[in-house]
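Read through the structures below before going on.
Look for chain A in each of the two complexes below; its partner is chain B in the first and chain C in the second.
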Partner chain A sequence: MKNAQLAATLSSIILALMTGAVILALSGFNPWASYINLLEGATGFDFSGGSRFFRIPSRLGATLNECGPLLFAALAVAIPWRLGWVNLGGEGQMIMGAAAATFTALAMEDIAGPFALLMALLAAAAMGAFWSTLAAWMRIQKGMNEIITTIMLNFIAFWIIAWLVHGPMRDMESGMGHPWTRPVPDDSQLPLLGGKLRFHAGLLLAPLAAVGIWIWHTYRVSGFQSQVIGRSAQAARFAGFPVAQLERKAMAIGGGCAGLGGACALLGVQFRLSEEVAFGYGFTGLTIALAARSHPLLIIPCAFFFSTLRTGAERMEFSAGIPQALAVILQALVLFFLLIALAPQWSRWWRERQTRLAALAAAPTEKGAADA
Partner chain B sequence: MLEALIALGGLLISAEFWQAAIRSAAPISAAAAGEAVTEKTGVLNIGIEGMMLMSAFCAVWGSGATGSAWGGLAIGMLCGGIIAAFHAFVVLWLKADQILSGVAINLAALGSSTYLSRMVMGEDPKPVPSFETFALPLLGKIPFIGKLFFEYHALVYLLYFLTALIAWALFRTHYGLRLRAVGENPQTVANAGYSVLSLRAAAVVFGGLMAGIAGAAYALGNVSYFTENMTAGVGFVALALVIVARWNPIWLIPVGLIFGGGQALALRGQTVNLNVPFEWLMALPYILTLVVYFIVSGKRNAAPAMLGKELT
Partner chain C sequence: MNEANLETPLLRARDLTKIYPGIVANDGVDIDLYSGKIHAVIGENGAGKSTLVSTLYGSTIPDRGELYWNGQALEAGHRQKFQALGIGFVPQHVTLCQTFTVWENFVLCDARKAASNPATGGDLRKRAESLNNEYELGLDFNALVSDLALGKRQNIEFLKALLSSPKLLILDEPTAILTPGEVERLFELLKQLRRKGTAIALIAHKLAEVLSLSDEITVLRKGKRVAHLQRSETDANHLASLMVGDQIVDTSSKDQGTPLETINAKETRPTVWLDEVEVESIKNQPKLLEDLSFKVYPGQILGVAGIDGNGQRELFDLLTGDLSPSSGMFEILGNDDLSALPLSERNALGIKRVSEDRQHDGLALELPILDNLILQYAQQKPLSEKGWIKKSHWREIAKKSQERFSIAAASLKAPAASLSGGNQQKVVLARELRDKAKFLVVSQPTRGLDYKAAQFVASQLREAAKSGAAIVLISGDLEELLDLSLNIGVLHRGKWMGIVPNDTEARKRIGRLMAGNREDAA
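So, the complex of A and B:
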């Protein structure tokens, strides 16, 4: 990423936060106190000058836990993006992945343990990949727009899960009346790490995946080929690259990542499958991927920032009554400012100005030459 | 199994079912007609979902504030137009990515409509004035036909009329010809002495106004309150239907009934014993849209030549 793009990303985030402050002030909240509240809620730090600065470590853990699924959701957007595909179906793929993970973990209840966990993760990745490959197949075979198909698949996935948790998989004994499944057994959950912080192993899994994707993109031939497809599919076809195969592969890996993200959210935090398992992850993942310009390594800090925003906003609604939807607004604002900052028209105007200035500077000398 | 099939058959030939289908198809057809105009000029507007959602909120708020459903409709329409004007500014003037702008609009609409509805209306919103369903005198008395065609709220007639009007204007007027030409070959239009930019901007804003009306109809026609994310992907369905109808608004009227019929089945299917889980019925409209989209796509491409291309 070039310096200009990095500057654009950072200034978009700052501008979005400032606009958010204006929104908060207009709706009658103190912006500064609200943001402090958000930060306290997301990190567990205590900024009021109390005796202990790091008051509630588990809140930082909650933010870190959010990081894993968000990172996966961002990868699900970023990988197909390299080929010029817009995968808006991250949410549906996560939902299906989470469902597959739950199903596997519950089916292997008798042999709960690391093996069951591994199988659950694999099942989630396979299911997510299947769900995104559907969209890939529809586009490659029939030329259907992947934006529309992935969104439709999101809704279909949502209602499938709604049916599962209200019907066949509903926990009737210990469900306390909620529409959700039985919890996955303790031994099949992602192991808790980090002592007091209490974050789970998904936090390690996701960056590993991101690094793997980065290596693929940077050092493998197929990574280069997919970039060529993104720049010009025609050139890629002319060069004889297996375009359809690479496209299918990218969508499958993206969907697999989303499925793993769903499994992370489920096996690491929620434990019971419910309708809200991946609520809003899809679009947050998109924002992260775009803010990082789809660079697999830059996605990592971006995911951390947006998970801070998400968990902080959640706590903020709890403690100060500020609607959580503020986090969504801030995400949209980051996207808007980024879009405007990176619009190609600015550089075009700049070039035109340079040409004009150069022409003005050149004109008198020409005149002088003509006189002489 | 047989009983369920008989129940389904009975449902499919009942006037109530088709009435519900025609009613729920109206906003989708109208929004899709606006989108068809936008896309005919070569500009893609993915943000139609967000425009509908935001105008649904604005319409409910406006209806409460002005005390009249028509006031709500006007405010909802205005809201759709303003968002579309923003899209036009970003996409046409700054030449930014069309898809990203649309996605950002969707996200912003989702966030701000939820935020504002919490702030303005609180936890339990009061119903606001909405469009009442009434039977037309005399015509509404005809058995079956009366229920099928003459027993709606005023907006349903308006929306279908607008859809047909757009089809006529797009294909039978000079201005419509210019709009279509921009989507096929902007250079020709520029050479003929018309501004490509303003034609496109007009089409985008018009699409936004239509999405605004549709969103208002969604909120004030079917119910009289706003719920979070109440449009639930209808805007994206409209995008699919535009392709299915091959960018011809007149075809949107029958095509809209696919999704409308699915929604009606989800709605009315709960009243009869279909022996099918409620959630399957809810997924049906989306599955139907995908299936129909799948069937019609891949043949001769009817898309405007400039659609999705980088705007210069």
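So, the complex of A and C:
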């Protein structure tokens, strides 16, 4: 991560907050008070100086709990991004992961202890990886643009879950009429940690994954090769790197992360599978990955920033009547300023990507090219 | 110089100085451009040629210095004003919209005029077509730019500049991407313009071209003008020594180093052995390559001449295993089907490639020079163990490569894009020649390089041959082929026209073959 890129990230965030302040002021709110309110909502701190500064620890816990799935969703974008792939299917992969976790946990209801939890997490990762691998397969074998296929797979995932929770998996007994499944048993839920903070173990899982990815990128030969693929696919091919294999691997790992993110949201917070299980995570994950320039370590603070926005805005609507949409606006503004700051890089990146896809369309598979 | 000073120059520049962070690109440069004269600006890479001409066509604002147009002071840095005065420019790197047709690109450069007045738009078309015919540019106005060869694309830029009926035409290294035939045609064109009284300024690298074309020559070195000469006052040796700044350069004796002794063919097996090889295209199209028959033994350099687009790329792909032969006998390093091997195995066999598009095929420009020097070796011991990168070994080996190839870089951590063209090529060569290459396929290795860098690349190819590599050198530069190769084969429309030994007759015979006349027919 070069300083210039870090500066781009920070200045985008600051500019977004400043523009957000203008929007708040124009809407008749006090921007400073609103941001303080947002921060209080997200952290549970009391900045107005009451007798107890840290008043509601569980709010910080909620922010931290939000952080885990967001971090995973961001990794789902960042890992394939390194090879020049755009995975917009994080949301679908999360949904499928959450569904697999639910299904596994409910199927293993009778087994006590953490074994069921472990199996649920594994199933979620595998399912997410499977879902993203579909897109990888379509691009490598058929030359189909993964930006489009991953979005399409989101819809398919969403409607599969919609059918499950309205149909075969719907909880008719204790569901209170909602379209959702039975809650997963206590033993398969992510254990609560942090005392009064009440955050769950998923928060530890996600940064662990991020650090693991960083080690892979920095110290492993295949990580180096992946980076070369992202910068110049042709040079990587001529160097004899197993390009298609690394691409499949990156997409699978990215999808696996998304699946785990879905499992975190479900097994840590929601407990019942519903259509809304991963609502909005995909887009926020994309923003985080872009803001962090896909650097796995920088993603961690970025994810925390955006989860603060999300939970804080919820609170703000409740207490000060400022619409929750402010969080989405701020998020979009960050993206907007990032795009401006990095415009030359984007255009170069896009050109390189277009030549690659053109080459792929001419010879869809490496094997095919060799056979011809 | 004295006689020329009597008339007013069309464009006069005095004391041009431009300082970029860390480098003085131009340092008090004077230049006078006269109507009906061709003025060449020469110098090594980084001598400040591009900065100078970009000031002259109005896109750079100098830190100091004055410009005069017909004796009148001219404010620097207003490209549009310069254009209106009649200063046309043909850039080195073609700046066309590739997804548009040729005609659309013309409209694009003059869109306001074309749109505001359909009648003028029609006039534009007429003028473009008449210029196309007059100068025999051979442009199909309905062709997509992306379908055209580089030489043709440059013709588009050329026509674009001519459309504004320039009084002064500035060209930035116009011959860098052209084939010998195209260079000749371009020169005819420029001479035609000169006869009509157009002033022409161009940047050039090849001294022979400079001498054959120009009336006046300005030599830059490290930002300073070291000489301003009339054509009659100088020769190639003189210019070369002015450019590099030492006196020992001698272009007449090229240290051919007796082109690599012929190997005793009975004892050694050829590295490359092709006999009547054909490569078919798809669907009844003409064959990509025909009649390929040649052998290359270890230690030999086989040159391949031909006008660009006559099968050079296909030959490159065939020899590196990206294309497979349809018929004929084909054997490289004992393998008769290279394309069945994955690229990593071909690399491991000792087949190395230096593609003509080094920036795209050979480098990951945004990554550090260090990474680019390692690339395919990353997975080998001791550069990595069990998949873990050993960075200290990387640095050690990259440092060695840098020293051996004298790559001018302040830090190996800088991105490869920050290097000059010559140094980028050195990075590719340093990497490909690090291990002992058994078979090296090289395409246009010195295209766009300055004199010194080109000499260095040539010496490295000789070195590689001496240590036993078989080399196929595909080049559009006949001088380079004659300088380096033992034998020279010629491609014409994908057909192998035959092999010519590199002797005094070679130049003539190669010329005939390049034009498509077989020896036996002549």
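We take it that the second predicted complex is superposed on the first by the 343 of 372 C-alpha atoms of A that agree within 3 Å, B and C clash if a C-alpha of one lies under 4 Å from a C-alpha of the other, contacts with A are read in each partner's own complex, and residues count from 1 in each chain.
In the analysis below, a residue touches a chain if its C-beta (ideal position, glycine included) is under 8 Å from a C-beta of that chain, and two chains touch if they have at least 3 such contacts.
Predicted, not measured: the structure shown is a model, and the values here were computed from it.
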Return fit or clash for chain B versus chain C, each positioned on chain A through the superposition. clash
Is A:Phe283 touching the first partner chain B, the second partner chain C, both, or neither of them? first
Looking at the overlay, does A:Gln141 come into contact with chain B only (first), chain C only (second), both, or neither? first
Touching partner for A:Phe241 - first (chain B), second (chain C), both, neither: second
Would you mind checking which one, chain B or chain C, touches more residues on chain A? B
Per the contact definition in the header, classify A:Ser347: touching chain B only (first), chain C only (second), both, or neither. neither
Superposing the two structures on chain A, identify the stretch of chain B from 8-16, 188-196 or 296-304 that clashes with chain C. 188-196
Shared chain A surface residues [contacts with chain B and with chain C]: none
Where on chain A does chain C make contact in their complex? 218-222, 224-225, 227-228, 231-232, 234-242, 355, 369-370, 372
So in the complex, the part of chain A that touches chain B is made up of which residues? 23, 27, 86, 88, 138, 141-145, 147-149, 151-156, 159-160, 162-163, 166-167, 283, 286-287, 290, 323, 325-333, 335-336, 339-340, 342-346, 348
Chain C to chain A touching residues, read off their complex: 322, 324, 339-340, 342-348, 353, 355, 360-367, 371, 375-376, 378-379, 384, 387-389
Contact set on chain B toward chain A in their complex: 46, 90, 93-97, 99-101, 103-108, 110-112, 114-115, 118-119, 232-233, 236-237, 239-240, 243, 277-280, 282-283, 286-287, 289-290, 293-294, 297-298, 301
